[in-house]
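Paired with subunit B in one complex and with subunit C in the other, subunit A is shared by the two complexes that follow.
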Partner chain A sequence: MRTPWASVLLVPPLAMILLFFVAPVLYLFWVSLHEASSSELYGAALTVQNYVGVLGDSFYLAIIRRTLGVAAVILGLCVLIGYPVAYFVALQPPRRRMLVLLLLLFPLMVSNVVRAYGWVAILGRRGVLNTSLGSLGLIDGPLDLLYTIPAVVVGLMTILLPYMVISIANTLATLDRSYEEAAQALGASPFRTFLHVTLPLSTPGVASGTLLVLLLTLSAYVTITLLGGPRSKLLVSMIYDGVTAFQWPHAAALAFILLALALALTALILSVLRPGRVQGTGR
Partner chain B sequence: MNDAQADVRLAAVTKSFGPVVAVDNVDLEIRRGTIFSLLGPSGCGKTTTLRLIAGFERPDAGEVYIRGERVTSIPPYRRNFSMVFQSYALFPHLNVSENVAFGLRMRGMARADRARAVNDALELVKLDALADRYPRQLSGGQQQRVALARAIVIRPAVLLLDEPLGALDKMLREEMQIELRSLQQRLGITAVFVTHDQEEALTLSDQVAVMRNGVIEQTGPPREIYDRPRTEFVAGFLGASNFLAGTVVALEGGTAIVETPAGRASLLADSRIGDRVRIAIRPERLRMMRDDGLGLPARIRDIVYRGPVTHFYMDSAGGPLLSYQQNAGAQDWSVGDAVRCTWDPESAVVLDSGCA
Partner chain C sequence: MRESQVAARTLRGSATAIAFFLIVVPILIVVVVAFSPNEYFEFPPAGFSWRWFVEFFRLANMRGAFALSVELALLAATLATVFGTLGALYLARRRGTVAALLQSLFLAPLVFPTIILGVALLLMYKTIGMPVFPGLLLAHCIVGLPYAFRTALASAQTLDPALEEAGQSLGAGPLRTLFLLTLPLIWQGVLSGWLFAFIVSFGELNTALFLTGPGLTTLPIEIFSYLQFQGSQLVIAAASTLQIALIVILVATIERVVGLGRIIRAR
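For the complex of A and B:
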């Protein structure tokens, strides 16, 4: 099967990846190790001050903590809401399941910017929620709903929930029914069957959904900016601010800190859920 | 036979899926400590029958009893059975001993007793050395044994087996058949075995039920099913058979003489003169003689050498004939030879009319 030709076919995509992905990332890392310069992309002197400065600054540490907190809450909500929905979707006959999944994909066809403005219209001081609560006499003055962390969480979660549902539903739908029947034949009630068999066997779907939601949360920008405003910034917002202030090396260092966080969290999720143990290979 | 001896009883059970009647008014009783095979082609309703016993399907009509208890409306997890699935369905996230312990855990058995029972079960299937392995690290045959150990460790009233050997290669399958049989006899387990492999059914079973289109065509011990098939379907499904149609023209003691298009044949049957009958003769019972004596005249169309036996395909005026001859002595038949076919009267079976 292995012919010299097979490796030749790998050359174009490999070259593309090296040229357009690996090389820029390495260059960015190189940038992050330099002083800032007022006229160039980066200054002449090598330094680790960009990293030390961020990690020793309580302001940035608070932003990192806030970023991790927001990601954790969004992940938790997505799993808690997404799993039951996915379970329901997986129970549907194949044709209806396709329809429901298409329906779930529908919101993804609308731009995040548009959807964020939709939330602005709902949550704003003169938004739908405040005016209707006010006219019902339930509140005296408008509530500060917009430009808060909860607004960011709600906005991101509604965008990311379909990823979680689709991931879990696909795993559940392709699960061999005989596992559940085997558990019942051994005396497990439907609830214990779910707990001891269905749930562990669906970890590949939970893992891929969790990773998708996590990485999309960490890299989200528009939603955070529009719903969080200037007071509820996350790590990505700081990178953008660094770039607009021409602090290129500082922004590059923040980007690598974000990357390190994403990799560490990915490793953590995979080691906790261990999706490989139910997929036939590895552990 | 009463309920005290029958571990499983189906009474007039019917199950349809939409317009398709999968199981049609089936009655059966399975005696304690025996292996009962449901044999038939795919789509004959044998797996549905098994799933009705398990409770994975609810019958449209009729009742299901396990150990005399009516379980028709009781969910699977409260029925006293266990099952070996065609795909084994070993839990991939649990290792071998955790898989075997699953049923005991669900029954709330104490940890120490559980460990002992699991160890005993794994010893029975000779897998105690692999207790810490995961299913994906086992061969097909080993997975099969784990599935078996997991099913017998809970001491079920009845063990249901859904084509459990189907995924194994031929050598391993025959080995497992013998092992399964000896294990079942040692433990005195009652088992229901679904298979489409007639040899497997004959090897393993105390009783065989041959199913077709949701109906049991014949139930009996393997020897009876094979030697005295009642219908053409049973005769044809369990190995090959020669079929001849004819009219009874004379009776000599218990022997009936039947006039067939190929000539006269004799058989043991309590028929009357003038009866139209359809008879079946197993190929290994069909003797071939030189073309100078009695018997049905035929001509050899094809000869297939199969190692221990040779298959002779012949044409006669009554239709094609097939004979298996042991390759013990010298035989020098060749294609085109004229032969006479004979058999002992007790080797021919009269089939039920109407099922032709």
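For the complex of A and C:
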């Protein structure tokens, strides 16, 4: 709409996003720069101690390392499993491809708490896996599968995998096949064609899938809590614990450390995959 | 066919089978167990019964959480759709830095870690004394906004600007043009955006985690606190199955009204 009064259209959505998204996040940052207070939400004096304290504490550093490790394994598994699946999906005829993509999309619509509960039902002491292994006589007593880091990895990986598959499949499906045909006509083996033509051309899909999975992994508090229990906490659990203990400036600082981590990893992933070069921006 | 091609095909096929197995089985187990007549978790269940669904609706807190989730999703999706459509109509034909910036701002909640938004909103609400329900509603609205905005934007961009000009040159005011011309042309995109915002709100965890209050809990959060504090009771499986059932009904509606293709592109 190009009429003079068109700006009126922009006012409500812009006001909402500024008031209830931008403003609270800025306010949280402001609070993270203040002392703790026992009577107020935060103290009066400005300080960077909330950040220095966390980054100088070996306990929190270990949690951050664990968070990075879990995220790296989940991303690696998602790419390794997701890429061939996406390739399979992209090779289907259009109508069937839609159907398969819908099958992948549906689980994403189910609340993560329900999907995590499914894994609790599988991995629990009286869960599906332990009872079936037990009745086959393969184990003597139930294995402690739940409340471990591998449980968090397997649960989150399968919950987020459809994002990776859909992102890569969308790129592969729109890929111009004549590049691959040209490579093969020039004598490249199918494997070389894949490695030097298809794979580089699909990096935008890999990049967007990786970023989605990464960001959702970092803030998946409920899944991490249900599958990891009290002993496999990640950075996001520390934020929640800080809030429930009313340590507002501390929790706020942890939130921005998580955000900084997300931004740094995003930059790292983009600089490794360089999806921009495919879209012709020549980087 | 060469050996390497056979190997590649086997790899793709088996990866797909494994992926679907790992994605679908946890959801399937929950649904099957919800119809169990047993007192405790057992798989496969010994028979079929509705007892856990009856139990679900007997429990006042579960019933309340379900009702609140539906109410919140209806209101939040509607708000998000109205706001998202307004933004989309404004931005549909604008280029340049400001337009690009505004567009990323409306899409930002999609990639921003929502757990941080939850903490930030709780802190702000505590400072300004916001009541629980409107606070929760606004949070769900922000989380749903990008979906509503993006589908409306995609539809608005396919509109031929000549149509609106024709409407206006024939004497229709801006409001008449909007309601009689623009909206009827983009309603499919607007509706699928609404359904998406509804689904996102109905399953929302990360902001609701902080913003629900005593007596005002959404279904996903109620399921979560049950699992955390009362263990894996089968009424949870029934609650989860109801969550899934509502999504199935909505997806079927989207497919009926606007077709599958639009759902995929809406992501």
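Odds and ends about this structure:
Convention: the second predicted complex is superposed on the first by the 263 of 283 C-alpha atoms of A that agree within 3 Å, B and C clash if a C-alpha of one lies under 4 Å from a C-alpha of the other, contacts with A are read in each partner's own complex, and residues count from 1 in each chain.
Here is the rule we use: a contact is a pair of C-beta atoms (placed from the backbone, for glycine too) under 8 Å apart; a residue touches a chain by one contact, two chains touch by 3 or more.
Computed from a predicted structure; not experimentally measured.
Shared-chain residue A:V197: touches subunit B; no touch with subunit C. By the touch criterion stated above, A:V114 is placed in contact with subunit C alone, subunit B being left untouched.
Looking at the shared chain after the overlay, A:Y179 reaches subunit B, while subunit C stays out of its contact range.
Looking at the shared chain after the overlay, A:S189 reaches both subunit B and subunit C. When both complexes are overlaid on chain A, the residue A:F59 reaches neither subunit B nor subunit C. In the superposition on chain A, A:R277 makes contact with subunit B only, while subunit C stays out of contact range. The partner that reaches more residues of subunit A, of the two candidates subunit B and subunit C, is C.
After overlaying the two complexes on the shared chain, residue contacts for A:A255 are found with subunit C alone; subunit B is out of touch. Once both structures are placed on chain A, subunit A residues 189-190 are touched by subunit B and, in the other complex, by subunit C. Subunit C contributes residues 2, 4-5, 8, 11-13, 15-16, 18-20, 22-30, 33, 40-43, 82-84, 86-87, 89-90, 92-93, 102, 105-106, 108-109, 111-117, 119-124, 126-127, 138-139, 141-142, 145, 149, 161, 164, 168, 174, 178, 182, 199, 202-206, 209-210, 219-221, 223-224, 227-228, 232, 236-237, 240, 243-244, 247, 250-251, 255, 260-261, 263-264, 267 to its touches with subunit A in the complex. Looking at the complex, you find that subunit A touches subunit C at residues 1-3, 5-7, 9-10, 12-14, 16-17, 20-25, 27-28, 31, 41, 81-82, 84-85, 87-89, 91, 98-99, 101-107, 109-115, 117-122, 124, 126-128, 131, 154, 158, 161-162, 165-166, 170, 189-191, 194, 211-212, 215, 218-219, 221-222, 225-226, 236, 239-240, 243, 248, 251-252, 255-256, 258-259, 262.
Within the complex formed with subunit A, the residues of subunit B that make contact are 54, 56, 75-78, 81-83, 85-87, 89-93, 102-103, 106-107, 134, 136, 150-151, 154, 160. Every residue of subunit A that touches subunit B in the complex is listed here, in rising order: 176, 178-179, 181-190, 192-193, 196-197, 200-201, 203, 277-281.
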